[in-house]
């Protein structure tokens, strides 16, 4: 397996939202603007078809189109990571092949998420699927949606499977990260650790993590890149100031409305308010209506970002 | 919408396992034997692509093939219900269209199961999808896998949406069923209630439920049909004797191995042991090995069924 | 160990509310009226210091006073069961001794409920505590509050410990009951099974359970006794009519307000509305205010009980 | 309310284990050695009757004796914090009074932990209990045992109740801490934040937390004090080295055995191995047997602490 990534991968890799015109149609202009927006903000890669990209709500055809279009638009300027999670093994393999054919750089995979697997089953699953995956693969720990946490021992074993190059952890549990690192010791020095929750980006990087797959970087890529760099540089004054903004974003933009989907709705609405892309959401979710949209506008104004 | 079902639907409708030769190939002979086996056992319908049918592990192409083949093999002798659950709205609609085109009688739908919906989102989802579903639809309550329970109020509202004709409840919570029935009062007298857990079949029918979608009916269809009939007839001596066998099946066949998947593995292994169909399992699960298979054989022998 | 109970114990044993004037003072008149009310309603015993009795919110001194007063007021007319659950072993033993000294007939014990025990720890706990418990003991399965479910195998083993005579199951899971009964086979024929959730009383008795520890029997003891008797007699017409009332009670009286404590608040309010006892609740909960009390009144009026 | 604490309280405050000879008898010599051990290790206070102190398993009399003895032995050299958590309001008040009478400096309180409270009930509970608590109080967030998480808004409101001076957070969720800090803004600048999980101590202090209530500080107080100081000084080389030891401790000492109680058992066993105090555990738990004890010895030897 060859690829043009250097491991460990480092930096900010936004989990791109999927700009849509309707349930079956990409907002192509929005997608182009979004990609230019994040690349010009200095991100180190993009990740499509993650949770933030509403992957589970998109039809197979739309996923294939999104992979192809994104790879074309990015045009090798930064690495493209493609989510290939599916409850069916074969569909994940098919998505990974599509990603490879279109020149993507890596794929990202959760456990099967309908019928929960036990840890030995999960490890066996990874062992069985990897020979059919033509790109480097990141395991994706997202227990709130998959009901399954990769146990630290499973991660250690997975890291030794050929082709598995890293982990995106969205558990928000830094003790877990610490334990994995301790158990992994000096094995697999190139294994990449990326964190999902942006509120913990700086702590994660200070602890030796390699970067963040942070939803807010769709909106304000430069802010997250700056926080990543400040964390690398251990510039605490700057960390403190930038982290304050990040927490303000998550506290004011992702908590409007009453449901677990508030994060997705708030983020996509903010991207619409700032002119980046359409806020149409794939079923079963729906875009914010006027009152919530007004609150999003106010929250953005209150951020006082440059 | 027209169909040849009478509502409420009544009786035993086995959630068919999906006989497989490998991850992408149906065991066609096994499927035919399975269908003949359950129909000759007196079942009142069949349900494909449910949890027991490993729907979430099958590729889209395989699902389409299974729908077509099953409808052909059943050939209108009993109603065919088709699971159309998918985390993507469009794929559920596509599956339902395929079911209708092949002459199936109804479809069955869980909530989207990756990103959990709140109750108002769930009701809106049903309202949005129903106009695109060309067959009567049963909602499928399966909280252990979907992370979402249909609230009683949501069921009451759903029952008034055109096309929604019933519910399969796999929660195992009879209080929940009692509450829904009480709240529903005299509205929707034709709304069908089917129970998943076979251990509660007789109680459910005694309480006014219409029947069971019980995995064990793949294996011993006559036993479950008899228990259903005894429950309808309030023949307690017979209920007691038959229920004992059902509990013995679930206690001895579904609990081998250590994982949540024991039920699926045990059932498919038993169908192989009894010569009905192949026990190949779709990824990420795998068939029992020899020691577990021996225990399955012993458990079947100990049942002393006629 | 001798006692004047016959096992299996059978019938309706209300988990008495604890009538209070304030956080530290029993409503003695209310307690007397409550006891006379349920005994004249035909109950087969009373159970104090259960979840419905707010045991976890009462001080130790108050618990001792309640045990003594209740035993005196009941005066051997029906068996008195005493909850002795505590997170501390020694306090449970002390409560059991107090119960014995005052002439109570049995005690009831949950697992320790702060730091959850594993099943082997739970069984060892029962083995260690029983030699110090001077009365027959019922294990009390209440997973929603204790975070621990007695595994069926643990129940089977517990049933063979000297002094353990039965189980009160508040899990609401009838499959669980079925499995325990199947696994227990013909061992321990006198082991008593009582069910907590009143919505399942008739099904439980039809399945071979011995009776109910049902909160609503504080309020309408005769209704629950009648339903128990109709279930024993398999009089389905009567079961259907009475169960309807029971479901109406739980649906209309226990669901006012928004919290998990609605059941406790609604029940105690209804006992105040009907003149049985004070509705003061031990901290951290508080009695309903006027609007909720009005709804309780309306719900009682709508019941049209004789 | 007056006291000799300065707020925010800062540093390492070990949650002392409770040295026992049997279920009802303190290991007084062990307690004295433990107190001298941690004070000579430089800790900034001690906390008795926390989760690590097995508070929930101790009888009331033993708790009173422990409070009195500890205050006497500490003799004002460092602040003494006393856990007063109980499922009964009155018992918490009584414990707090005992703490005040014996010269303790503050108390620590979880939510009532049998019947879970909703957030408004929790806030009302704090408002009702504080006028009866004669010492400064820390709220204690321990959702795994209490089933209740203090919502950020509840913490903000609690911080404005007279007498509530800080929070011990054992959720392990640093995003939660970040959100509370953001929402609290400049109000309550003296409100103290202490973290439970020792694996996150340095990150927590780097983020502005005030210190740790870390179980491992019973064993190696100097290590945790040093890590706290290095974190304050932002000495990353030293942080990295010391944190490695802390993770090694939690990974090798707290994970022996199979149950949730492994942490408690491992810690108490290690204190016995190192000659500090008896490893007797209060029911329902029991000390490690020889094989586990050998593993504890090996794990301590492998630490190579000075």
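Labels for the chains are A, B, C and D, by order of writing; each one numbers its residues from 1.
Keep this in mind: a contact is a pair of C-beta atoms (placed from the backbone, for glycine too) under 8 Å apart; a residue touches a chain by one contact, two chains touch by 3 or more.
Remember, predicted model here, so these are calculated numbers, not experimental data.
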Where subunit A and subunit D overlap in contact partners, by chain label: none
Most remote chain, CA-based centroid, reference being subunit B: D
Self-contact between copies subunit C and subunit D, residue sets same or different by half: same
Between subunit D and subunit C, distance of the C-alpha-averaged centres to the nearest whole Å: 35
Inter-chain centre distance, subunit A versus subunit C - centres from mean C-alpha coordinates, in Å: 50
Where subunit D touches two or more other chains at once, by residue number: none
Chain-chain contacts as defined at top: A-B, A-D, B-C, C-D
Residue ranges of subunit C in contact with subunit D within the complex: 23-24, 51, 54, 56-60, 62, 87-91, 94, 111-118, 120-122, 124-125, 128-129, 145-147, 258-261, 264, 282-286
Subunit D residues touching subunit A - in the complex, by the definition given at the top: 172-175, 178-179, 181-183, 197, 199-200, 203, 206-207, 234, 236, 243-244, 247-248, 250-251
